[in-house]
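For reference, the structure I am asking about is given below.
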Amino acid sequence: MAETRLKQLGGIVARQGILIAFALFLVGFAVFSESFSSTENLTSVVRQSAIIGVMAIGVTVVVISGNLDLSVGSMLSFATVMVVDLHDKIGPGPAMLVMLVAVLCLGCLNGFLVGMLRLNSLIVTLGMLSAIQGLTLIYSGGQNVDIADQEGTWFALFGRGEILGIAAPIVMFAVLAVVMQVVMSSTAYGRRVYAVGGNPTASVFSGIRRSRVVFSTYVISAFCVGLAAIILGSRVMGSQNNVGQGYELLVLAGVILGGTSLLGGSGTILKTVIGVLILGFIQNGLLLLGFAYYVQWLVTWVVIILAVWLDVAAKRGRLFSPIA
Amino acid sequence: MERLKSNRAGKWLVQNPIWGFIVIIFVFFSLSNEYFFDMRNFQNILVQTSTIGLIALGMTLVMINGNIDLSVGAVVALAASLMVDIQSWEAFSGWGNWQMLPALLAALAAGTALGALNGIIVWKTGVDAFIVTLGAMLGVRGLVFIYTEEQSFFAMNFTFSDIGMSSVGPVPSLAVLFLIATVAVHILLSRTVHGRNTYAVGGNREAAVNAGIRVGPHMVVNFMIVGFFAALAGVTLSSQMGASTPNLGREYELWVITAVVLGGTKLTGGAGSIIGTFGGVLAIGILRNGMNLMQVPAFYVLVILGSILIAVLFLDKQLTRKGAEALKT
Amino acid sequence: QEYKIGITQNNVGVDSYQTTYEQAFISAAEANENVEAVVLDAGGDVARQIAQIQDLIQQNVDAIIIWPTNGQAVVPAVRQAKNAGIPVIVTNSNIAEEGFDFIASFSGPNNIQQGASSAELMCEALDGSGNIVQISGQPGYTTAIERQKGFEDRLAEACPDVTIMETQPGDWNREKSQRVMEAFLVKYDNIDGVYAGDDNMGVGALNAAKAAGREGIAFIGATNFAVGYEAMGRGEYYGSIYQSPVDDAEAALQTAIDVLDGKDVPFLNYFETPKITQENMGEFSKPVF
Amino acid sequence: MTEQTQTPALRLDGIVKTFPGVRALDGVSFEVRAGEVHALLGENGAGKSTLMKVLAGMHQPNEGRIFIEEREVTMESPLHAKAQGVVLIHQELSLAEELTVAENVYLGELPRKRWGFVDWTTLNAKTNEILKRLNCNFDATTRVSDLSIAKKQMVEIARALTVDAKAVVFDEPTASLTDAEKVVLFDVIRDLRARGVGIVYISHRMDEIFTLSDRLSVLRDGNYRGTLVTAETDEDEVTRLMIGRSLSYERNHEHVELGEVALEVRGLSCGSLYHDVSFEVRRGEVVGFYGLVGAGRTEIAETLFGLRTPSAGTILLEGEEVRIDSPVDAIAQGISLVPESRKEQGLVLGMSCRDNITLPQIGDLTTGPFVSNGAEVAIYDMYRDRLDIRSPSWRQAVGNLSGGNQQKIVIGKWLAMKPRVLIVDEPTRGIDVGAKGEIHNLIRELAKSGYAVIVISSEMPEVLHVADRVIGMYQGEIIRTFDAGEVTEDSLVQAISGIRADKAA
């Protein structure tokens, strides 16, 4: 009995190759860099990862439903510029509210185009990437924005403060991850998202309002971007028009590292969290080891592929792919 | 709409809606801007699109295979750096203009080799091409910076940039090269065994495996082709500039993919054509050129470009719509 | 006599400097009734900039002002313009020497000199000895390279006892720079000074140090931004280099007009970029960006 | 009969194949002689397809040996198997949609000219020859995506004729063929047999097995159960071997009290798909729709389920006119549709059995905001028992089940909705005889307990057996409605060929 339990456990662990990869990295960096494993550094990395992480949670939902969202990067720029700019004009509370509404509108637009009109999500969100970048520049006139009173505002809580002794970004990241994980795994809504991603036609034949489900995933994604913008704006206390440039691919990398398939229908939020943390720890670890930036890029190349390879190899039970 | 579908030209248009869109913007820019409708401007457009265009040719194959290559932008930079740097090596100083040859070979070989590397990793590890090439996008850029030590290179020999600016008869050489490559890849895809297998591998991988197509090596070849074209694009781009910079080609992958998908290639693989891709490339080129000439402010260019991408998809949807009888799923 | 002057800028909107430059240029052109300006933005892409130069030649403008996305790569396009009989004025950062034959004039700041000035500030702040870290601009861009080079060369010369422990790029991005600084702070507990390629990144580094509760670090930047100016006012930021995009833009336009008017213009037309520190900041107005 | 020799064309010995959690084949041995049609039978999930995939090199066996003409071989890959003369026609379509018919037929072996160019002339000529042999009325250059399912199946079959095969395996080739195409296929198979090819024929349709095969072997739960000479056995014996008991095939027409009209359709049309369709279904009644492929039956069902917008006509449920704009509306009105294509429309293949069964009602299975695991598993268990679904656990991804068990999951999914009107479109496609009987009984039972049921089927015995009334359709029109007593095979065949009752009489 106990033996079979153990075997089962072994089987489960073996199938979670990404966890093993994650553990290997942590150990590896800890061996080579003394400062890496300090609590200070570990929390610092998780805190830094919160921005990408929060966005990746939203994007995971979109990807599970079988679509892509490449607009999150420029949407982050837009949201951060907006919330920082409005902060001094109408106060932190209203600023966040207005920004969230604006971002949700963009999410609705994405959702309408992909969900209702059934347009190709890659091109739609690429188009939105460009359009939102333009909107941001038009909004700010191309200027950087800053918060004048950095010390006095309670807006500082989200990026710099602590909740119950834990850095606020980490708390927000964790809470969001847990909530979304539960939503995806244990609610009817989550089940519908998986169904739509797994087989859109069959989901319609099962009485699922496919358009609405897809629409909602983009709203969730946009909301997550809004949260990330609050963290980012508060952390930096300022913003520039291209802060989020390139984030779309980083976010997607985190999602895929977590094992979510781009084809839709599979993946979990918690694994995305792990994927994002791996990215964060690689970046941080390489920085601490003092590699030049281009060496960091090279190593990241190798490490990303190794991590995902380990994951897929564990799932299929053999190292090399069987295709001829 | 029904009448449109019934005649041959109409049917063709429904299959390649991008060309309808090209006609629209072409007429629009011709009417609204005095500089647009001009032979020299058309040549400019062809030359300007040739970079994205060359890469898009290879990308079409890879995407019909059901894969993707995000590392093309970095390969452009690598090939450009090799091309410009190697031709000024001491060793070849006595070769006259032939000093460009080893540089060209090195650049193309590097691109092809990196393509092969991507392909082999995708094949052997079974890791999604998206993640493999996303890694390579970063890593190859790292190689570029290591090789160039962060420097831009400049071709002492102006012949190099003169080639980039030269013309064959009335048509710029780069445009000619691009057109020839387009025809060649079109023939490859539509007439050869490899090309037809490309559709099979992307359309139904299991069927392809069962039919005995060696899917792995097949994909590697297509990755090599896209690597080759990305390198070729790097060479032509550097010859337009007579120089190279390590940051060359950033975000090209996104534009290339946009062009290919606009041209009707499916992300999931199995469908697509070079004629469509050519249309997609041209559409983006005309839009950019037209907006430059019309002096649309930079911020608005982004908004317009984004909106138009989406509009094209919408148009496509309208053209291919099945009508009231269709299944509502 | 009306001049049609085309300008292709590096990457408007990527930072406030470039945006303010563009606005200043447009308003200067509007103020001058003899000038009709064609304003283009290359979005940081060399290839697009070359295309824009070709488009401007196609439109037969009287002069082209170019803010090179890359000093080397634009040379052949500039040569093309020259061959078409259109004078070219380079602004903000210069093109490679090989291209000097094809341009009428350069107008802008001297980035090497700026880096050197920052090094001098650093020596001053640390009294000639200490350990510092450097956060550079986006790798591969001329401005970043020149400032880094100017800084490093001058530092070794002026105060060899100041050691640069590590240099990492901050990509002109405040958040990135903040992240880099957080890692530096974990790694080194003896940082005396930070040199950042511009104030935007400098303030990011400052944010990180403040959050970690580390004091006594001298922050020195370049291209004084409003945030940097304010931080200086609070006594948190040591100093920077004052560089006005408005001066930059106006100088470029004026140079172009002078060239067209057939006046004699110096080939290298540097404008002043003085050091600004907590002491003398009163002499400067707060930057508008 | 024909020149049967005694040398086995093909021999399998002690084949074992396991999947995680499943022992699909447990030491199966059997042989096929050259020049015979050897039928392979077994319940859904018995391991027939798996065995054939092992033979064709798509799966590697854990144990066991394969002999071709008494020579031991290992099948490394499908191509390798083909090279040894073994061809498998898949149960599921396996075509590249964007390519032409010819390219699919010769997939992997396109004839070449110099420089790797495709030799189109040879390719199309050779393909057209095969298509002619198969009596297909489409051309080699047609794109596969433009073909109907039946025609795609013919393309799949055409593949078997490209090589000089020693053994050809047909895995349920007739599941989506029309009667006319079946006749052609049987001729082709007999022709192959005459040429001395060993043929394995898998089907759940007894009539086909008895018309076509020389011998038959039975698998059960991955075990070999025995081989019989077809001429010396009967359905009952085979069934007993397959499922361990006889089937009582009582024709179920003791008169049921019909209730009021549950569903009435008046003058329903949908563009060119079907035209002016009117009929009614009472509670307690099973109405069968019979017709050829393309008659428009599926489209009517889809309209009733809210998936198509009718261009004219009204739908009444229990006397009240209703608007059904989407499946959500249909479900709310108590209509269920078991769709025609289980893979595309019925199932989310990557999801577990349980999740698929509960998908349409997932919103009602919640306690608080959360889906109740207990309620879900209870529903799964109930329909697993009722439909005899064979799956190692509810966690198994539906895609890993055998075809027949997948179909049962779809049926279970819609029965679980307890609908007022149940529409089943080709409900027993690919289902074994035992389960088929169960499903038929289930349909009758459901009707008896007050459901209104519509059965769309292309199998005449099925309609005749299960339906109270049969509606014959031809090219989008109802030609004739037969009451239970008056329906005969002949009149039905006439109706679906477009011959109206008045003319026929």
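Which chain is which? They are A, B, C and D, in the order written, and residues in each are numbered from 1.
Going forward, contacts are C-beta pairs under 8 Å (C-beta built on N, C-alpha and C of every residue); 3 or more make two chains touch, one makes a residue touch a chain.
Heads up on the chains, UniProt names are A = Ribose ABC transporter permease; B = Ribose ABC transporter; D = Ribose ABC transporter ATP-binding protein.
As the structure is a prediction and not an experimental result, all values here were calculated from the model.
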item	value
Where chain C and chain D overlap in contact partners, by chain label	A, B
Most remote chain, CA-based centroid, reference being chain B (Ribose ABC transporter)	D
Result of counting contacting C-beta pairs for B-D and A-D, higher pair	B-D
Distance from chain D to chain B (Ribose ABC transporter) - Cα centre to Cα centre, in angstrom	44
Averaged-CA centre spacing for the pair chain C and chain A, given as whole angstrom	33
Residues of chain C whose C-beta touches two or more other chains	12-13, 139
Residues within chain A bordering two or more other chains	137, 142, 201, 204-205, 293-294, 324
Sequence positions of chain D contacting 2 or more other chains	77, 307, 326
Chain pairs that touch, as defined at the top of this document	A-B, A-C, A-D, B-C, B-D
Contacting residues of chain D [partner chain B (Ribose ABC transporter), same complex]	56, 58, 77-80, 82, 90, 94-99, 103-104, 107-110, 112, 115-118, 270-273, 302, 306-309, 311, 326
Chain B (Ribose ABC transporter) - residues contacting chain D, complex	191-194, 196-197, 199-200, 203-204, 206-213, 270-271, 323-329
Partner chain A, residues of chain D touching it in the complex	77, 305, 307, 326-328, 330-331, 337, 339, 344-351, 355, 359-360, 362-363, 365-366, 369-371, 413
Chain A partner contacts - residues on chain B (Ribose ABC transporter) that touch it in the complex	70, 121, 123-128, 130-132, 134-146, 205, 209, 214-216, 254, 257-258, 261-262, 267-268, 298-310, 313-314, 317, 328-329
Touching residues on chain A, where the partner in the complex is chain C	33, 35, 38, 40-41, 44, 48, 51, 137, 141-144, 146, 148, 160, 232, 235-243, 283-284, 287-288, 290, 293-294
